[in-house]
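Two complexes come next, and they have one chain in common, subunit A, joined by subunit B in the first and subunit C in the second.
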Partner chain A sequence: MHHVVLEQWSRGSSPVHRFDPRAKLVVLLAVLISVATAARGLPLFAGALFLLLITGLRFARVPVIRVLTRAAVILPFTAVFAAVSWLAGDPARAFSLTVKSYLSALAVLLLISTTPLPSLLRAIGITGAPPFLLEVAQFLYRYLFVISEEAQHMTKAAAARGASVRQWIAQVHRFRAAAGALAILFARSYIRAEDVQRAMLARGFQGSLPLLRVTKFRTSDTVFLILASLAPWALRAAAERALP
Partner chain B sequence: MHIPDGFLSAPVWATLDVAAVPTVAYIARRAQRTFEEDKAPLLGVLGAFVFAAQMINFPVGPGTTGHLVGGALLAFSLGPAAATVVMTAILAIQALVFQDGGILALGANVLNMAVLGVLAAYIPYSIWSRTRWRKFSLFAGATLSVLVSAVLALSELFLSGVRMPSAVLGVSLALFAVSALLEGAITLAVVQALERIQPKAIRQPLSNRSLVLAMVSLAAILLASVGVLFAAAAPDGIERLGQQAGISSHVRTLFRTPFADYQAAFWQSAFLSKAAAGLAGVALIYAACLLLSRAVGRKRSI
Partner chain C sequence: MTPLVEVRDLRYTYDDGTVALDGVDFRLERGETVALLGANGSGKTTFVLHLNGLLAGQGTVKVCGLPVEKKYLPTIRRKVGLVFQDADSQLFMPTVLEDVAFGLLNQGLDAQAAADRARAALDTVGMSAAAGRAPYHLSAGEKRRVAIAGILAMEPEILVLDEPTTFLDPPGQRALAELLGNLPQSKILVTHNIPFATALCNRAAFFAGGKIIAEGSIEEIVAGFAWDFSPERSKSHS
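Our next item is the complex of A and B:
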């Protein structure tokens, strides 16, 4: 499954992987805001930022082409709105929607493929996000694959018995069958959830996951934070100068 | 409907992010207080269920399939506050790991789906679930939740300047209506199946003592979302109205003055002023979020 790939990338080792997650989070926000508010000289700025992000991916030693295609999952949705804007007589917006959403997705992917999600969520915690919410997100991510596999087993088992939702006949029965399957999945998830809950409480869980390793904010993190947050803005200023 | 980054204009996403942070902080605290122990593991696993539920396809006419969105089912089984927390966690994971929805647009998506979508599902349920209209309340709640989320997302796009021909708008509204009805049908069928195998899974609303309040807030949510859509889709009409009333120019200067097009005019260099205006904007948003969440927290703890 594709998320396993992402998990592999995020546990690699490279200079980009070693930067503090907090620093990377600030840099991501700087990049996203510079993209979101860009207007003049967008084509030039977008091209320059694209090259910068690819350089980042090379430094992070993740497969560049595969990351680029993964970021393209955004494009079908964007294409619809781009086409609609074009129809409404606004081709410039169609271009900006496509470019901005793709670059933003690429920037997020650069962060997530160099930072394991648990440490990223912990980094989000220092911004003042509710700890309860972040814990829910941690557990959600932990059990995402477990429950997804259970759902896959159920659909496979149903298909093996000849159930197909694409048939023309007996649609009402199939609808009811799918609802029953979902109810069973819910009940199973709920039972599992209570088991996990009890197991966590038995191990002394009191609402926060302990840190295994304290991350220190090093000088190199500070330098990276400043340089990498300013880089997109510098590119943007240069692009705006070149194309008045 | 997850809005990606780059679709919303800066004032829209910034405002919605500022609004979403204290709202979610308040609801998270409220959800935590309704449980006697820390239920983060339970809510997390149920969030994973909503992800997995999207793999089970439902037949919708010949050849096409649909799937559960899940906000309403969570609201019926966990209550609105916990459902909002789970939906927010889902949206965050979707934005970070699956590139489904943007990071800057997360505030917008959270307000549309996790806060107002869940609320729109829960209000009809809390009004009618104890009467013989219970089945209808389940269906209506799930339908409304998808409809409200979709209409809000659409109006935010309009406010950001995305234009679409009226024919396209009509078609997309029709599509939203169909998927909303589908969500209603799926949720109702799943709840009925679930009550047969695990009767306690769906919780009763605490009480419907504030029936009038619930009715009014439901009407307010509906009116606001539809009103914003029309206001955003036809800005000319609003502007004309404003000119007639003579408020339009005031409003405009009011909005323009602090960051006139993100350029602090007193700085010469375009780059410096842009960077400074951007950073000042972020600092302002952050400060506003922090102050609001502190204020909400203090009021609660007394």
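Our next item is the complex of A and C:
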């Protein structure tokens, strides 16, 4: 099974990985707000923040180039709006949209590549997000691997009998077969859900997922939270001051 | 002496009309390990799901003298540890330790006590090193061990294992047989694996058409129903 690469990165042991997820969540929020509301001196601020985020990635010991590439996934979505702004005679807005979306994606990636999703969800839960929603997200994440594994098995079984994804899409009768396979995958997922529920009930589940531990917020987490939250604002202030 | 499990005239029909159990009588005495044999669809899994109240059919099911009814379910689920056929369905928490502690926290243990008992259970099955790992990163054999640890942590009196050797290679099956053989609990094994059942069980019950149609030693059941694979028998049938 090909596990999601972000999951592998998030299980690292760098200093960035060890910071409390709650602190990292607050820092991410500070970065996103500073980026979203930036206007004057944006090119300079964006450049400085980009370097700061790369420094964070280096400290986290995750592959920088691969993260930078993955962050670019956001660009096709913003490119449309940027193109419209450009054509409307507002290239500054086009630049702003592109840069802000890319930097935001990079900041989010830095967080999720250094924090296992369960820890992240727990941190979000502490902020008051509905527990039911987070439990659904946790189960979705857990069984995404199992369901994608089943999907891979089905694809291999189809390939072993001469089918390919391209054929499935290109030819109508094969497209129907692909739709049928998808229905089977849904049915299997449903059966899996029933099995999981039985397994939970068999061990006394009473409606809420119990927590084994609550992580302690250390002094180093507080220091990180303050410094890392102030850093983007300091860079922004410096960039704005550097303008004539 | 009260049997650990006493089942009388148990009947169960699924919503689609399939009669899965059609009058099952069964007893499990303290210290016994019993194999449930029989063809696919003969009712074995449906039967074991009744033992901790996951299904409720007609008839009588008693565990340690307690009827399997809603008010006794928390107690009964502590006494009957059910290990499912597909370990992936049983391991749903983010880490191995959290999964093993799941049942303990549901019992009301505090986090520290639950973590300690979960670690001890992982130690019993030889999986201490995997405590912090995600369940989906484990091999099939490791998942099976962790699933058993999740049940052992709850200190049940009866272990019920549904097809425990599924997905396990022969060394994995051997290791599992050794592990189960060293556990003191009474056990019910649903299995098609005759060597595995022979290594662990002192009695077998044979299911057919939703009933137990024969009980006896593994050897008697295997001989009576030609319930094993051997090249010689295969040739004589061809």
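Heads up, the rule we're going with is that the second predicted complex is superposed on the first by the 212 of 244 C-alpha atoms of A that agree within 3 Å, B and C clash if a C-alpha of one lies under 4 Å from a C-alpha of the other, contacts with A are read in each partner's own complex, and residues count from 1 in each chain.
Here is the rule we use: contacts are C-beta pairs under 8 Å (C-beta built on N, C-alpha and C of every residue); 3 or more make two chains touch, one makes a residue touch a chain.
Remember, it's a predicted structure, so these values are computed and weren't measured experimentally.
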item	value
Subunit B versus subunit C as contact partner of A:W233, first or second or both or neither	first
First (subunit B), second (subunit C), both or neither touched by A:A157	neither
First (subunit B), second (subunit C), both or neither touched by A:P210	second
First, second, both or neither for A:P118, with subunit B first and subunit C second	second
Partner chain(s) touched by A:A202 [first = subunit B, second = subunit C, both, neither]	second
Chain touching more of subunit A, residue-wise (subunit B, subunit C)	B
Contacts of A:A71 with subunit B and subunit C, given as first, second, both or neither	first
Touched partner set for A:R142, first subunit B, second subunit C, both or neither	both
Subunit A residues contacted in one complex by subunit B, in the other by subunit C	3, 117, 138-139, 142-143, 146, 192, 196, 200-201, 205-206
Residue ranges of subunit A touching subunit B (in the complex, touch as defined)	3, 6, 28-29, 32-37, 70-71, 73-74, 77-78, 81, 84-85, 87-90, 93, 96-97, 99-101, 103-105, 108-109, 112, 117, 120, 127-130, 132-133, 135-144, 146-148, 150-152, 154-155, 165-168, 171, 174-176, 178-187, 189-190, 192-194, 196-197, 200-201, 205-207, 230, 233-234, 236-237, 240-241
Contact set on subunit B toward subunit A in their complex	2, 4-8, 10, 13, 21, 24-25, 28-29, 31-32, 37-49, 51-53, 55-59, 61-63, 65, 68, 73, 77, 85-86, 88-90, 92-93, 95-100, 102-104, 157, 161-165, 168, 185-186, 189-190, 192-194, 196-198, 201, 262, 270-271, 274-275, 278, 281-282, 286, 289-290, 293
Subunit A residues within the subunit C interface of the complex	1, 3, 7, 11, 116-118, 138-139, 142-143, 145-146, 192, 195-196, 198-206, 209-214
Complex contacts: residues of subunit C adjacent to subunit A	49, 52, 54, 74, 77-78, 82, 84, 86, 88-90, 92-95, 97-98, 101-103, 105-107, 111, 114-115, 118, 134-137, 150-151, 154
